[in-house]
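Chain naming follows the written order as A, B, C and D, and within any one chain the residues start at number 1.
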């Protein structure tokens, strides 16, 4: 029933479909245009609607394994927040999340917004163990879970944290998540308990289909997989750069859409070919009978 | 809704939780008691579970091992526990056939539980010598380290039957595709919805969500365990009733002239 | 489903593999000889001095001060620099020592590239390079998670609760060394019971911690599932089947959408019914439920593909950008030779 | 005897957790239990590590085929554990520069960090990436229109695959505004929004029931295979 095709040919086709567009892209720097779908537009609008100086909780719930999809989202979120002069407070439910947060800070804030000061305009509070347990506690007492920032400075002495005692005190919460604990837990334990709180999520493709059932109720907006990241990145570029040139580090998601397109086309071709083989074999059997 | 944030029965949300929890437990317990008293429900066929015997038998005939993967999460996950209970049934069958059963695990506590359960199954079947603790061994906690091992082991040992019962993430397809490449019979069961499509595409049989949790009760054949399955069905019927009632209420609400006083869950304020 | 048995390659398997590895090695050697070469890592040593200050609550905090200030402690660490930064520094002052070539990180980079290719090679078939990689990753990751569990869980949650003063002085200087927390004796006791089975006496006691874990988490998960899954999901599905727009007009699509969701949830629930044979009306509803399940699985599959391709793209980017230095989309290297080739390539592509 | 005590522990633990949301005094019990579990799991590493050492040493001493790979695994395990526990190459944390052990074990520049970055990350993320190939071969083999169910599965995957890239815009972008709902990218959103939501909700509700029922079976000791065989 395999149609006599060695699966290694399939692998080769997929490899070329992904590798060649990357090389093409790297040489020409071209990307495809993006038109935003409602969940991505909703993310953009939710951040646009905040007044300057609002504090935003950003949770980095992923590790290097999912960086390909999620790091461009983190970069775009951070760039948008900085452009709007909002103040991100970074936490993580994954042990390697704080490192990813630090990378985003140095790629975006230190590179393009050097006037922003840690502790006043942004802060990285690091990781806490306990998965959804952490979320339950910050619902009532944020400082109990995150008493110090990553360098050991007590939160009580950080201007950015003034007046923040629980998660409901933030104007907006963003989770960038790769699995458990992640968006689902944020919805279950934070969004449900704080009806007025606006929650945005950036999720991997695997999670997207599950998380969709929470949008637009408990989740105000979501970026689904690299496509969502590319759409949002385009929206942010349009508002930050206008007609000017976007620096290459802010086109990462859109660059990844080219291998995506050809990978999908290979898959579609394979499904069509598989069915062609199937029907031709079935036809032959019918004749034989 | 945060546990303990506003404890006590005064809170309407807690009240609701308490009622639903009590009703669920009551239905399941009542059906269990009824089944013990002789009213054993007839359970519909679950094809994936009927195939367990066939798969084990085939492995024995071919003289190849059986691979059982109880997921990659720890014992705090209900799917892992369900996987271990299925393991004890599979081990019982394997002991009867005297087939080789390999259980690589990715958590130390799971190794502990799996050893206990396989040993118990061997004793029950009257084959205590069949049990070999070294066949149930710890590999690594790392998801893809474990997958690397499983893929390599499948290519070398060529198991004839593969069971994937527990909580799986991205490694599901690595396991299932490599199992498919060596032509093994594959039976999967998980409640991790994101991985179900891959098992459905690559395995011969897949237990979907609730079916997976029902597996050990189904395989045990014990009346009281089968009774709990009927209890689940009764709760499902109640849920459907409440749902229909809620839909009717919401629909009549839509016809009322003034806008609803509080936004429904689906409408962003 | 069908099974495609992939027959092992011909008997001359070993030779075939050696040939493939040789071809790859030659290609890499050629690449390394062209232009600016490939796969080098650079570092710069950052040195920061810290001075202590005591606040009114008696807590000591360290903050960065000018180098070599009296009573300060200095921390030196190596941080990454790009090839472009190295080249710029060399251009400014030849033979500078600030940004330098790093042997250990360069070896690491090449090792990472080897492992990446070795894992890909398993797609062609099992081979020595994959076996090597597999043995390494099993050992490394087991050791890694054990060490992480020690530093992230055992030290802060167990040892620091029972001996806070000791831990504060040893490795957690920011710990609030208050009273001893005796609650931590419970997990310690459970752990000792678990490990007691290594001794002949503990055969039976070793089961109690498992029973504790399984019992408590059965209760905990029951609550969280009933609360967030049954109650919340049912509530979210109580939708009006007739929807009117803001202006009072009948919204047909929104009504159909709600109807489909409600019907879909009900039919799929019927599929999961165990104690009734799927025949007659129940069978028909269950069949519709299966259709909904299939659409759900199809969409989940389609979405997951996106993620997997993105990950594959990221691995190729590692090989092309960080190791082979073929392309430079982020502008980390400013290399005359390769960028000239890239420009030529792009102008060619543009004409097509 | 030992089994009866174990069953009692299981039942009491479960009941306590079941009532804990309704007791004011029980605030935080769920977190405590989770912490205890993590500690227990960390201590259980002794068992897992012991099993790993034993299996690999047995292979090594038997000198069967592939014993060299066992030696490699052992070496990798011991070296990683040693540099991780010993914080080899870790510099002090800036918040306490005088406390030598204050740095994090995976700080940039440490040996543990090097192993993580250059050995573990490339292998694990490449294995993750290899899924792109497996997805392709699985789709080729399994997505065949054999019956209504299989056709729905493959048609949905088809629409999502097209609708989530530029191809969707190219293929159906010409549709007029009144038919914009049929554009592939919007069709993809509709599938997610309606069918996927409905299917997932039912699965989730079913799973919750399965968890509840399994929980009851475990607490009552109907399912006690994990407790082993002998009395």
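To be clear about the criterion, a residue touches a chain if its C-beta (ideal position, glycine included) is under 8 Å from a C-beta of that chain, and two chains touch if they have at least 3 such contacts.
The shown structure was predicted, so the numbers you read here are calculated from the model rather than taken from an experiment.
Most remote from chain C, judged by the distance between CA-atom centroids, is B.
Overall, the chain located most centrally, as judged by its C-alpha mean against the mean of all protein C-alpha atoms, is D.
Chains joined by the most contact pairs: C-D. Work out the mean CA point of chain A and of chain B, and you get 30 Å between them. Computed from the mean C-alpha positions, the centre of chain B lies at a distance of 15 Å from the centre of chain D. Taking the mean of the C-alpha atoms as each chain's centre, chain A and chain D sit 19 Å apart. Rounded to a whole number, the gap between the C-alpha centres of chain B and chain C is 25 angstrom.
Taken residue by residue, chain C touches two or more other chains at 1-2, 4, 6, 61, 119, 122-123, 131, 133-134, 137-138, 140-142, 144-146, 148, 153, 157, 173-174, 194, 207, 210, 213-214, 217-218, 221-224, 226, 228, 230, 233-234, 236-237, 262, 265-266, 269, 272, 293, 296-301, 303-306, 308-309, 311-312, 314, whereas all remaining positions touch fewer.
Touching two or more other chains at once are residues 18, 20-21, 30, 34-35, 37-38, 40-41, 44-49, 52, 93-96, 120-121, 123-125, 127-128, 130-133, 135, 137, 139, 141-143, 153-154, 157-158, 161, 164, 192-193, 196-197, 200-201, 203-207, 209, 211-212, 214-216, 218, 226-228 of chain D.
For chain A, the set of residues that touch two or more other chains comprises 1-2, 7, 11, 14, 18, 65, 129, 136, 152-153, 188-189, 192, 206, 208-210, 213, 217, 225, 227, 260, 263-264, 267.
With chains as nodes and touching pairs as edges, the resulting graph is complete, every pair of chains being joined. Put simply, chain C touches chain A in their complex at residues 2, 4, 6, 59, 61, 123-124, 148, 152-153, 157, 173-174, 224, 228, 232-233, 236, 296, 299-300, 303-314, 316-317, 320-321, 326-331, 342, 345-346, 349-350. On chain B, the positions that touch chain C within their shared complex are 1, 3, 16-17, 20-21, 24, 41-44, 46, 75-78, 81, 109, 112-113, 116, 138-142, 144-145, 148-149, 151-152, 155-156, 180-184, 193-194, 196-198, 200-204, 208-211, 214, 218, 229-230, 232-233, 236, 239-240, 242-244, 246-247, 249-251, 253-255, 264-266. The touching residues of chain A, when paired with chain C in their complex, are 1-2, 6-8, 11, 14, 18-19, 22-29, 65-69, 95, 129, 132, 148, 152-154, 188-189, 192, 204-206, 208-210, 213, 217, 224-227, 248-249, 255-256, 259-260, 263-264, 267.
Within the complex, the chain A residues that touch chain D are 1-2, 5, 7, 10-11, 13-15, 18, 32-33, 35, 37-39, 64-65, 129-131, 133, 136-137, 151-153, 208-210, 212-213, 225, 227, 257, 260-261, 263-268, 270-271, 273-275, 278-279. Only residues 7, 65, 136, 139-140, 179, 188-189, 192-193, 196, 206-207, 209-210, 216-218, 220 of chain A touch chain B when the two sit together in their complex.
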